[in-house]
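One structure, pasted below without further comment.
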């Protein structure tokens, strides 16, 4: 004897479920949609066309018009973001493994050292960059690196090594302790253990962290804003800002710039984003599910 | 109470390496009020079958009926788990960690339209029966394994389910309290006259609760019958081994002086029945003894055997031996370590099982 | 632990030391009177702090920052839970990853670009108002009314960052033993009830991580108010970080540092307990 209840059929429920998610997704994609379509409008069309209406006669001319403006910044951003994110992720991962070793060793003060270092990397990860403006600029000027790739990279490392160490310490703890102990008994030092044992095992986490930091460093606006003054050293977000100019400008070029500036992080995200998502969701204790 | 029937139920998982059949052509009717046991080794598909009954999974092919009403068919759940009125005790209890024992037990009732006072009364009633009244305000993590299991059982039966499903319900309990837990479940099921389905790899769980048993092997229902049928005349060697330790031996039946003799190496055992030639037999260790002289009726001397090694297991010595001139291993239980290397083996011929080659 | 083990922490330690140096350097400057008028700094006690706190901009920008971060925490958590709930009950893993990717997509776009896009979406005639008109909704004076300026920024922040709580709540939900959810299903609970009574109460980790991240990430948003308001001087969109940049560009260096110290203190007050209890708790799980 089954309980008779007025419930929606599983099929109806599932349809409603997908409708709800689709509505949310559509709302979420409106800005991205607007960004992509409006770069294809002609100068004539933008004067009266709402930003949510697709172009009637798509044209590439806005992209042509702005391409040269973004050429140098994109090259600059690529150099800085790739080097800074690779260095941060490798060096931060080493730090993360050190935390793991530290949290399993019990010498005097190891707990305090661990808490202090952990707080420090958390602060580095989350500190508002803007609040370090003056001393950071002074520091970069003092070591004579203003308006240079190394200057930008060093400033990013200050914030992204801690970010990598923090994220990677989430992933490293998944490696069983006994594995490290076994490697130690085999006579390996921690440096060797890190590169030969740990790193190969945390590659998914390493890739997640790398993706996050590439995107973060590519999109960082404030550091290049204050650490570069010459146009030839501009990074993408700063170059983009030149296209704000309120409502006076023709927005087709603005959107073309926005699309070009977002192209690389979007491509990385679309192709690799799921590894990032999986990595973080796995931390919640859920091995599968996404 | 509800009658449950499966009509050629398949469950197929698509993997990279092709299709895996978790269940193959299951046909079974579990009568209303029956206590049905599903026995099988882990990975045989018995839990999948139970989940299909619960509505947590859909059969890939075939139909499932509750009282002749189709609840799932060909990959679709037609009546969802929430509407099947099923009580289930999960292997790991699956108590809600954020709720007290009381709230855990009351949870199914909160999904029905009944008053608070009636709810309290029902919870207290079932808690009294299961002797957990004193721990109702505790959280699951504060309870012992046995208490958690009782809370899980209380939660499953408080809503007067039409069928009670038990998924390996005792495997997470200490061996010490398992038997009393089994007795409790059997009494409750008896008292409430529920249709009960218990799934386990442990024949002790099955035999203590059910009055009919189905054996699942590699997704197939290989034998259905009363517990004693499964025990005494298992259909295959696999089924026999599920129920307990058994010696699998190859031998030959020959005729000597008008009698049938089973010969295994140097061992010769007189048997009845019309077997001839090469045979495969199963002999349970309890039907074999290493002794000097036969003590009881029904035992015969089979011949001399050589002791290979003696180990200890579950309260007795487990002796591995071989017939002379043959390397098949035979296991015998003893209450002392055998003194000599070569000893006489006695056997109860009536208990020997013959299987198809 | 061998001595060579410390080689591993060396790079992190060096850059951590630079960070600390910068933070303390900042504190040091904040106790001087360094500005355009006093190019050679000299010690002046807490006068910079007094000047900043008593300035006209401080209370408004503090309120704006707290409004922004507070709203992002509240709405980000609510939306994050709602979306994670919708995602959790999907039966297909692929669909789950697909929808989650969309919600988290804004993280891939720089805030400077977001500012550009939303500047136009908020255009009175050509932006989303155009859509509102067709849906029969009234026009919203997004950036034209001073009272709508902060809400406009908050909407962008929520759009940009809700992916994080959605992801972390989903991770928490998926971490709960699946058979517990199945037990609740068999007990006749609806999905919504399972969300309310079982998933949310067992997701303390998701809450801690989401709240801290939402607060900290929105607290340091700079380019949105900076670009939408056309510079750091529009007091209706001025947050603490924009105010400090304004003090810097007008060369009130000591005051900018004093304000920065206050900003860092607020951030630290959230970061340290979060790191020591929140993240470590997440790791240990």
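Chains: A, B and C, in written order; residue numbering restarts at 1 for each.
Everything below uses one rule, namely that a residue touches a chain if its C-beta (ideal position, glycine included) is under 8 Å from a C-beta of that chain, and two chains touch if they have at least 3 such contacts.
Note that the structure is predicted; figures quoted are calculated from it, not measured.
Of all chain pairs, the one joined by the greatest number of contacting C-beta pairs is A-C. The most distant chain from chain C is B, comparing centres defined as mean Cα coordinates. Chain centres here are Cα means. That of chain A falls 53 Å from that of chain B.
Averaging Cα coordinates per chain places chain A and chain C 14 Å apart. Averaging C-alpha coordinates per chain places the centre of chain B 56 Å away from that of chain C. Residue numbers of chain C whose C-beta contacts span two or more other chains: 188.
Under the contact definition stated at the top, the residues of chain A that touch 2 or more other chains are 3, 5. Those residues of chain B in touch with two or more other chains are numbered 80, 82-85, 112. Listed in rising order, the residues of chain C touching chain B in the complex are 177, 179-180, 182-190, 193, 197-198, 201-202. Contacts from chain B toward chain C in the complex involve residues 54-56, 80-88, 90-92, 94-99, 107-108, 111-112, 155, 159.
Those residues of chain A whose C-beta lies close enough to touch chain C in the complex are 3, 5, 13-14, 17-18, 20-21, 24-25, 28-32, 34-35, 38, 49-53, 91-92, 94-95, 97-98, 101-102, 105, 107, 115, 117-136, 138-139, 157-159, 161-162, 165-166, 169-170, 173, 189-191, 194, 215, 218-222, 236-238, 240-241, 243-244, 246-247, 251, 254-255, 257-258, 261-262, 265-266, 268-270, 273-274, 277-278, 280-286, 288-290.
The part of chain C that touches chain A in the complex is made up of residues 1-2, 4-9, 11-13, 15-16, 18-23, 25-26, 29, 83, 86-87, 89-91, 93, 95-97, 99-121, 123, 125-128, 130-131, 159, 167-168, 170-175, 188, 191, 205-206, 212, 216-217, 219-220, 222-223, 227, 230, 241-242, 244-245, 248, 253, 256-257, 259-261, 263-264, 267-268, 270-272, 274-276, 279-280, 282-285.
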